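Heads up, the thing below is written out as C-alpha cells.
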Amino acid sequence: MASAISNTVLDIDRIRAEFPILHRETQLGAPIIYLDSAATSQKPRQVIDIMSRYYEQQNANIHRGIHRLAEEATQSFEEARNKIAHFINANSSKEVIFTRNTTEAINLVAYSWGRANLQAGDMLLLTEMEHHSNLVPWQMLAAEKDLHLEFIPVTDEGLLDWTAFEHFLLREPRLVAFTHMSNVLGTINPAAEMVSLAHQAGALVLIDGAQSAPHLKVDMQTIGADFYAFSAHKMCGPTGIGVLYGREKLLASMPPFLGGGDMIRRVHLRSFTPNELPHKFEAGTPAIAEAIGLGAAVDFLESVGLEKIHQHEQLIVSYALERLEEIPGVVVYGPRPEKKGGVVSFKLDGVHPHDVAQLLDTVGIAVRAGHHCAMPLHERFHLPATTRASFYLYTMEQEIDRLVEGLYKVKEIFS
Amino acid sequence: MDDLYREVIIDRYKNPLMRGTLDPHDYSYEDDNPLCGDRIRIDVRVDSENKITEAAYNGEGCAISQASADLLVESIVGKNLDEVKALTKEDILEMLGIELGPVRLKCALLSLKVLKASVYGLENVEEELT
Amino acid sequence: MASAISNTVLDIDRIRAEFPILHRETQLGAPIIYLDSAATSQKPRQVIDIMSRYYEQQNANIHRGIHRLAEEATQSFEEARNKIAHFINANSSKEVIFTRNTTEAINLVAYSWGRANLQAGDMLLLTEMEHHSNLVPWQMLAAEKDLHLEFIPVTDEGLLDWTAFEHFLLREPRLVAFTHMSNVLGTINPAAEMVSLAHQAGALVLIDGAQSAPHLKVDMQTIGADFYAFSAHKMCGPTGIGVLYGREKLLASMPPFLGGGDMIRRVHLRSFTPNELPHKFEAGTPAIAEAIGLGAAVDFLESVGLEKIHQHEQLIVSYALERLEEIPGVVVYGPRPEKKGGVVSFKLDGVHPHDVAQLLDTVGIAVRAGHHCAMPLHERFHLPATTRASFYLYTMEQEIDRLVEGLYKVKEIFS
Amino acid sequence: MDDLYREVIIDRYKNPLMRGTLDPHDYSYEDDNPLCGDRIRIDVRVDSENKITEAAYNGEGCAISQASADLLVESIVGKNLDEVKALTKEDILEMLGIELGPVRLKCALLSLKVLKASVYGLENVEEELT
C-alpha cells in the first residue's frame, strides 16, 4: 500500500498499524488524513494501553505510600522520569520536572528564576518566530519587573537574522529564549551554536522544545541549554503532561513556584522547608498516569529511532514542498527542506486559510488554519493567517498527494 | 467538497452586493476575530422611526465571514432596530444554509456581533454570540 | 457476598463491579482491600474507557481547529466543563477553570488574586487543619507581600474553634481559606455558615474541596464560596486535572496567571490582550483527555447519587469507629461520625504508624501512614504521624472487619 | 505478616543493645525523616588510628529505623572510618534481612545517613541515600 518515499527509512505500514486513530473510518468511508501533528500528535496503542492498565491495576497516590499499590505506582512514575532523563540525555533525573505542558514549563522559569534574578532594566532576548507560550510569560514578567524585551528578527527566508543576534548579544541579555523549531515555518534553529554564543555573552538560555523533542534527537549535553521545555502530547504521549529540563545547580538555586503537598520537606503553620529536586517544583498530586504514558511514548519513539523519524520527515517535507510549489497561487513560507522539520505553512491566493482548511476537511484531510499561536510572526509576514500541514513518523507521501489534489479542488471552487 | 460552500457563499464572497461604507451614518461599528484575522465594519442609516433605510459592510476575511456579512446587511434594510435585536445565530445559519463547527461559527457570527454592537452596545452581545 | 451495612444504601456488588482494580488478585491470592481513597480514589471502567476511546477516535488539539477531529475534541472537552459546572451548580461554565489539581487551583488564586489585591499588613485567616496545599501558597504570598497569617485552632474533638473564628473575623481578614473536609480528622466544616460570617466581615472565601467534592453534594449557590478547588483523581477521575471554581465577576477582574497559547485574544511582540473566561486562566494545551475523563467521573457519581454515597460512607465510618475503638490501645482522632466523612486516623500504642501500615500491607490491606500532608495538624495533636483508613462508595464492612483483624495481629507481633 | 518484621527487627526495636549517648564523643550527628518523624542521633568515639572504639544511638520512630540504627551502630564498633565510608544501602538491608519499598527504605537508611554525615559531612551523603 505505502509507496516508495514513505518506506525509504521507515516501515510505514507497521508504524501506522500502531495508531488506532489512523484506521478509524470517517463518515467519508476512508480513514482520516491527519496533517496536524504540530498541534498534537496521534497516540500509539502502547501509550493508550499503559495508562488504562495503570488505572486498572496499579492506581495509587505516590511518594508517601507504604502499601503495595503506592509503591508500584511510585516506581512506575519515577521510572518514567528516568526514561525521559535518558531520552534527552540529562545528567540526572532530578533535572526532569513534570509540568502540564511546555507553556507551564516556561511560566515556571519566568516566575521562579525570573522573579528571583531579574531587575528593572535587564534585557531578555527572544525571537520573532516564538509561539505565544514563549512570549506572553516574558511580557508578563517584563511588565512586572520593568525589563526590556528584544527580538531577533526573522529573515524573508524564515531564518533568524544572525547579525542581529550577535548585535543584541553585545547588549548583554540576561536570558535568551528561543524555539528550537518553529511551529509555523518549520525552521530548525542552530540551538547548540546559539547557546554557546549566548553563554559567552553571559546569558542563560531557555529553549522551547515543543516542536523539536518529538522529531529530533535532542541531547542536553550537546545543546547545552540551561532550560528546555516540551509537551508529551506532541510526541505520541498523553495530554496533561510536559517537561521542564533544567540544569541541576540552577534548579537547586531557584525558589519554589507552586506551593503545596510533595514540594515540601517540612511545614509549620507559618513556614516551610522545600523538598529536594525534582519534587521541589512538583506541588500536589502529579499527573501520574500521564507520566507513565509519556514514558511509554519515549520507549516507542526510541524503538523507531529519532534519527530515522527525522530522516523520514525530511523526505516527506521535501516531497510536500515540491508538490505544493507546483500549484499555481500557492506560496510556502519558511526555509528549504534541509533547514526545516515536517511543517509546511502556506497561502493560496484568493482563498482564506480557514476556507482552505474547511474545504479540505470535507474530503477528510485535517490541516490547521490560523495564526498557530504565533501572531507576531504572521504580522512579520503581513499575513492574517496561514494554512499549515504538519507531519510525523506516520505521514505517507500518498497523504501529500491527496492534499495536493484537495488544494486543486479548492482552487476550482473559488475560481 | 462543494456542498458546504454552496453557490451562495462563494458567489457572495466573490460578488458582494452590499459592500461599501456609508458616510454619514447613524450607527457604525467595527470588530475583528483575532483568531483568523476576519474584520467587519457595518454602517447603518435609520429613519425617524428607527427603520433601517440603508446599510453597508466592509472588511476582509474568509468567505464565510464576508458572505454572512453581505447576506445579513442585505436582510436588514427595511427592518427596524427592534427586529435587528431579535436576530439570532439561527437566522444567520439559515441564510448561509450550512452547519458549522465552533471555530467557523465565530466567522459566521462576526457580522451579527458587529451589527448588534453598533445598534445597542457591545456589552449586550458577548454572551450569546461567543 | 456483601453484607448488611454495605447494602443498606448502595448495591455494593454492582458498584464494585465497575472498578477493575478491586478485582485484581494480588500476590496474596485475594483482591486488595483499598482503604486509601482520601489519597486517591480508584477509577470505574467508564472513566478509563472514555479516555482510551478519546485517544483512539477523537484525539486532536482543541479550540483553534477547523477539521472534524478538532471540532469533536473541542466539543467533548467543553461538554465536560458543562457537566462539571452542573455538578457543582455553578452559574456558568465560565466559572470552571481547569487546573492540574487542587494545589494548582489554590496557587492560581494566591498568585493572581492575591498578588493583585493584597497589601502589606493584610490578614489571611486559615485553619490548623489545612492540608499543605492550603498553607504553603499563602505562606509564600505572605512572605512576598508581608501579610499576616492567622489560624483558627482545632479543638481536641477535632472541630474548628468557633469562638476563635468569630474573634479573628473582627480583625477583618481579607480572605478566609479553609478545607471543607479534613483529610486527617474527617471533620466536615459548616461551609455555608462560615462563608456567610466571613462575607459579613468583608472577607472573600476560598474553600479547599479536595475531600468534599468527591463525597458530598457541593452546591456553589448554597455554599456561597468565592473560590472552590478540587481534584479529579480523588473523585473517580484521572490524575492530571483539577478544578478551580470562581465567581464569574471575581475571575473576570483578576489578572492572568500563566501566559501562553489559548489564554490570549491577541498577541503582539510586546503586549497581549487576555482571552475571555474560562480560557484566560488556561494557558497552553489543556489536559483534554483528562477533562473528558472527569466528565465521565461526574456522570458516574451522579448516577449513583452523592447523597447516597455520603449516607453509605456515614454507615461505614460509624461501623469503623465502633470496631476500632474496641481494640485496646487504639486512639482515634477527629469528631463523632455525624460530623465527619469517611476518614479515620488513629494511633496504636507502642507501634509506629509506618509499621502498622506495612504490616497491614502484608495481609493485603492498603492504608496510609504519615502526616498526610498536614504536619501542623499533627503537631497540634503532638503526633509524629498517624495511620489513616479512608473510605469511598466501594468500601464494604467486611473490609473494616479485615482491618480490625489485621490490627489485632499487629498488636500481637509487637506485644 | 510476621515474615517481614523478622524476629530481629522487633527484638532490636523492643530491646535495643546500642541505645544511649556518648559524652564526650569525637563525632556526633542527628537528623530526622520529616515524612514519618523518625529521628536518629549517633555518637562515635575513635582512637588515634581512626578506629571506632565506642558508638551509641538515640532517637525515636518506627521499628525499622530504630532496629537498623541499633544493628548499624553495633556493627561499626572496631571498624575504622574508611570502612564506615564504604558501607552501603545493601549492607543495611542485609543486616535487616528484608526487602523494602522506597518509603521504608528511607526509614532503614536514616541511621546510615546520620552516621556518614557525622564522620564525613552531610554534603557527601545526600546523593546515594535518598
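So that you can tell them apart, the chains are marked A, B, C and D in the order they are listed, and the count of residues begins at 1 in each.
As a convention for this text, a contact is a pair of C-beta atoms (placed from the backbone, for glycine too) under 8 Å apart; a residue touches a chain by one contact, two chains touch by 3 or more.
Just so it is clear, the structure is predicted and the values come from calculations on it, not from any experiment.
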item: Selected pair, greater C-beta contact count between A-D and A-B; value: A-B
item: Distance between the centres, which are taken as Cα means, of subunit B and subunit A, whole angstrom; value: 38
item: Separation of subunit A from subunit D, taking each centre as the mean of its C-alpha atoms, in whole Å; value: 46
item: Approximate Å spacing (C-alpha centroids) for the pair subunit A, subunit C; value: 31
item: Distance between the centres, which are taken as Cα means, of subunit D and subunit B, whole angstrom; value: 78
item: Contacts with 2+ other chains: residues of subunit A; value: 64-66, 68, 70, 266, 354, 358, 369-370, 375
item: Multi-chain contact residues (two or more partners), subunit D; value: 34-35, 103-104
item: Touching pairs - complete list by chain label; value: A-B, A-C, A-D, B-C, C-D
item: Touching residues on subunit B, where the partner in the complex is subunit C; value: 34-35, 101-104, 126, 130
item: Subunit C - residues contacting subunit D, complex; value: 351-355, 358-359, 362-363, 369-371, 375, 384-385, 406, 409-410, 413-414
item: Residues of subunit D that touch subunit C when the two form their complex; value: 1-5, 10, 14, 34-38, 60-64, 103-104, 107
item: Residue ranges of subunit A in contact with subunit C within the complex; value: 20-21, 24, 26, 32, 34, 36, 39-40, 42-43, 47-49, 51-52, 55-61, 64-70, 100-104, 106-107, 110-111, 128, 131-133, 135-137, 139-140, 142, 149, 151, 231, 233, 238-242, 256, 258-264, 266-272, 283-290, 354, 357-358, 360-361, 365-370, 372-373, 375-376, 379
item: Complex contact set, residues of subunit A against subunit D; value: 63-66, 68, 70-71, 74-75, 78, 265-266, 273, 276
